[in-house]
Amino acid sequence: MIETISRKRIEILMDTPLVPRLIRYVKDADISGWSLIHIDSGGGRNGEWRHDDVTGAAAKTILLAVANETKAQALIDRIAPILESHGLLLLVGDVEVVRGERF
Amino acid sequence: MIETISRKRIEILMDTPLVPRLIRYVKDADISGWSLIHIDSGGGRNGEWRHDDVTGAAAKTILLAVANETKAQALIDRIAPILESHGLLLLVGDVEVVRGERF
Amino acid sequence: MIETISRKRIEILMDTPLVPRLIRYVKDADISGWSLIHIDSGGGRNGEWRHDDVTGAAAKTILLAVANETKAQALIDRIAPILESHGLLLLVGDVEVVRGERF
Amino acid sequence: MIVETLTSPVILFFVLGFLAAMARSDLSIPEAFGKAMSIYLMAAIGIKGGVEVAKSGFTADLAAAASLGLALSFLIPFVAFWLLTSIGKLSRANAGAVAAHYGSVSVVTFVTAKEILTGQGLAPAGYMVAVLALMETPAIISGLYLARRGEIKQSTDHTGSSMLHEVFTNGSVVLLVGAFVIGLVAGEDGFAPVKPLFDTGFRGVLCLFLLDMGLVAARRLVQSRAISARLAMLAIGLPLINGTIGVIGGTLIGLDVASTAALGVLAASASYIAVPAAMRMALPEADPGIYLSMSLGITFPFNVIFGITIFATLAQALG
Amino acid sequence: MIVETLTSPVILFFVLGFLAAMARSDLSIPEAFGKAMSIYLMAAIGIKGGVEVAKSGFTADLAAAASLGLALSFLIPFVAFWLLTSIGKLSRANAGAVAAHYGSVSVVTFVTAKEILTGQGLAPAGYMVAVLALMETPAIISGLYLARRGEIKQSTDHTGSSMLHEVFTNGSVVLLVGAFVIGLVAGEDGFAPVKPLFDTGFRGVLCLFLLDMGLVAARRLVQSRAISARLAMLAIGLPLINGTIGVIGGTLIGLDVASTAALGVLAASASYIAVPAAMRMALPEADPGIYLSMSLGITFPFNVIFGITIFATLAQALG
Amino acid sequence: MIVETLTSPVILFFVLGFLAAMARSDLSIPEAFGKAMSIYLMAAIGIKGGVEVAKSGFTADLAAAASLGLALSFLIPFVAFWLLTSIGKLSRANAGAVAAHYGSVSVVTFVTAKEILTGQGLAPAGYMVAVLALMETPAIISGLYLARRGEIKQSTDHTGSSMLHEVFTNGSVVLLVGAFVIGLVAGEDGFAPVKPLFDTGFRGVLCLFLLDMGLVAARRLVQSRAISARLAMLAIGLPLINGTIGVIGGTLIGLDVASTAALGVLAASASYIAVPAAMRMALPEADPGIYLSMSLGITFPFNVIFGITIFATLAQALG
């Protein structure tokens, strides 16, 4: 049986124009990588939006990053202060990974 | 260190035409928002499907909603009876969030 | 209150050309279905990539499969040896499902 | 005539797509490109139809064809429902859902028929586009009525009015009707500056769109485990019956041969865009595997390859 | 003239999209198709503008129009900021963000104006495309200055230089300027082989693009809970003021009537692509609900339907 | 001739995309739009090639060119493999994967060459499209053979037959061959109604597609940490060698100058669609960073900007 290790699975939902900045934070936290998940539309307290809006002004994206506890905490600490002002949504879950040393 | 709170991460996979109805249920359960994740294709007991089918007849979508235990339970109770008949897939996981009061 | 059952939520990130092979492994593990989540771009130790590259050469995809412990383990055992050589990323989390018997 | 049809690039691209999917090629048309072509095609036939009616004016023929189209869309589901429950052995829900598909129409089948017929000197009247738009939705109401009739009202949260709203604000209906009205308002002169896009490129786009439809239809057919031999036969029998009814009706109300043939094609065609979505919402217990396999996997290719020629020949024989 | 404008298919498709979204139709244009059309339109106006300038050469008019355009883009935000804080009661951050939008320009408004004016015998000069490109970004700098002025420098990790880089390598600026230069280099002869795509199809594509913009603008308007009646009025008042400034300026520096009208439209128009993204990055505390509702939900439809005619009439009156 | 090439809008758009990506502009072409253009271009060259062969008939030249193309695709990987292991210091797996790319062909390079050559009065024969399709896949087999030769058969679950199936039902091969056959069947007359789309718009679409390819190639080049100076040099040396082999071969079998030049370009070009996907599946241990950087980041731009002119000049000198 293959051995697995516990890691943090971090999802950050944000306005697409903010993506480059958040990727910078991921790199600053020394996290090995990230993936951007495509979301089509959504709704919240500030109304509804859809991706198929040619202006791109309202598009949102989910950034997915897997990291160990320490790095995850570093990223969360960096992002928490701007969560409200930048309208981010931050979710942190637990996952088991194989090849855990890379994260 | 930033404080986090436990919340439920609910994923519902459904036929795209059912999305408006499911969004209604999310709102009925007083959940603060939702996001639709784009899936490209899939397969199950009823065969395979792909999104790039111009008829749109077979497209599927994942609705992601984060909520506290009570609201999540209200949503699950509402959806469970139609899971089978409407061919839905319902997953509920645990996540930690910052800004937890909004959910 | 609706009863739920624990299942494994498996995510495998891979180069799109490898998808057919991984679907074969999912079927071999007797897992009831799968869904492919669209990701737009990402970055890791081997540089950055974006989906909107007409050659399709660098596109990646996440395969999502929900299964019980036994089947999940069978899939992980099958994939673990090729994780490194094929550049896969494998995440396994816990979810609660309704209609659990189907997985 | 069938030879002319089968060597037209439009049909050949459909066949290419169909064969490619049958050979399990990985050829695929991006979803957004397919939708873009379908929006283009609907805008183009809508506006061209409107411009033609702006020239010809509202005639008695137009009114007669529109009324007949509406009637066909309402009534065909009753015939189909009876055949689907008796011969096809379907449940009420499934039979109602399938019947709605056959009462409604397929825009692409119509567009292909218009091109093929026009290429053979049989151009249908411009107002047939309006008839197409009118026939899209009444069948949905008939199909739901048939499926639900006599049942204790299901606890559905779709009130009738929200269903009706969805049916009438359906994207393809809005686009077809809207573009038709734009053509009416703009007239020949207003149309001239946009004509290059909507006219010149039309047939070529139709080729690529039918390539996509060939892929989609064949992939659907391959997935068709759910349907029995009886249902497969009905997926050919129903268009033959409905198309014949349409041609006879068109001849009786005195339409020209080309428009009669087009009406036959409309009656024979089965929806695979608006109706499946509506059924999935309003009749979730009906099995999409059945109605998509029949309308998209079998009836659509049958109509494009054989049906158009059959109903044109019939219209000429009766006309 | 307003009647001619309102019966042009280009505008009618915009109205169709607007009404469809208001009726909550599910009609939608795939994102990729919308972006494709916008890339096509920018490449086409860029290259055509360049070819025209290659013919006419670099004239004093060109230099004068370019300088005036730059000045307008820099200065309009100051006027707008003052009105938005005093009448509109907006915070500095919000007022600065909105002001940047009104100083910058809307490519689609310009393209639509060009088509409508040309259709009425008032073709603006080819160099106006260069003016358009020049006006896109200076307003961003003014808007940020106004929002941040006097404040303790916010702890932002956007250094000025990275902001400037993003502004000048902005996709639409690069494409417009690049295609303009290609047109300049290729000239009339080099352009000939690619002309069929970039010229013939242009108006038709614009129709479909405005259909999309109609949907998007109306959906944005429906979502506009954030904006007050005062702001809604400013979203009409600002284009009227800015457009008038533009027309007067163009007349004073001696541009031809058509180019003057186009300059008025540019001044009146508000950005909804480049600027919102820049504001989201550099002024995250400003509310996107406000600037998008004003620029996209109100000003854009106002300019397309009324503004073009108003500024053309004004330019003719003064010219 | 190089000046003519470099001032053609087609090439200028490629340069624009390349420079924009180098300047890290956020300009981007939606994936679906890029794929749509590539489907359009393949359908168009396929059908046009077929129509030309329908006119000219199956000639000895055609058979000779086809055989030579097949041979080149099979054999070039052997030359390339030897250079890549000796000079390039690559492992067997990496060298085999890269060799497969250089034996196969690039559709866009061919299309661009066809346009540029035709614009200079050197139109290649219609059957060269068939040669293009034939050359796409044999190199994959050679490359895999070279990578695996002498090794203990790797435990791979790709049986040879499933690999072959994937290679021959590859989307671009199916589309090219299918459209070619459609052109053959339809002939000049059948082609006429769809000609406006497939002919008139062709060059313009190619401009926008090369804009996309410029962006993609430059972004790939920027990401190229994996490749050494030796490999970068081979990415220019290999097309020069292979293209020269192609031109000499074409001259020897007596093809006309234009077709010889086109054959040179085909031999010189390296695949970046079909082959990378096949290698990722069948040789997962090979590093995609190497083969994509070489074929897409270096060889493709080199061929488009210099290679076409070089091989045309060489073909004229020898012919």
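Remarks
Labels A, B, C, D, E and F are assigned to the chains in the order they are written; within every chain, residues are numbered from 1.
By definition in this document, contacts are C-beta pairs under 8 Å (C-beta built on N, C-alpha and C of every residue); 3 or more make two chains touch, one makes a residue touch a chain.
Computed from a prediction, not measured in an experiment: that's the story for all the values here.
Contact with both subunit A and subunit C is made by B.
Each chain gets a centre from the mean of its Cα atoms; the one farthest from the centre of subunit E is C. Chain centres here are C-alpha means, and the one lying farthest from subunit A is D. A separation of 40 Å divides the Cα centre of subunit D from that of subunit E. One inter-chain figure worth recording: subunit B and subunit F are separated by 44 Å, centre to centre, where each centre is the mean of the chain's CA atoms. Residue positions 28-33, 35-36, 200-201 of subunit D each touch two or more of the other chains. Touching two or more other chains at once are residues 37-38, 93-94 of subunit B.
Those chain pairs judged to touch are A-B, A-C, A-E, B-C, B-D, C-F, D-E, D-F, E-F. For subunit F in complex with subunit E, the touching residues are 7-10, 12-13, 16, 19-20, 23-33, 36, 115, 119, 200-201, 203-205, 207-208, 211. Residues 28-31, 34-35, 37-38, 157-158, 209, 212-213, 216, 219, 223, 225-226, 272-273, 276-278, 280-281, 284-285, 288-289, 292, 296 of subunit E are the ones that touch subunit A when the two sit in their complex. Those residues of subunit A whose C-beta lies close enough to touch subunit B in the complex are 11, 13, 37-45, 60, 62, 73, 76-77, 79-80, 83-84, 89-94. By the touch criterion given at the top, residues 30-33, 35-36, 39-40, 43, 47, 165-166, 169-172, 174-175, 178-179, 181-182, 185-186, 190-191, 193-198, 200-201 of subunit F touch subunit D in their complex. Residues 15-18, 20-21, 24, 46-58, 82, 85-87 of subunit B touch subunit D in their complex.
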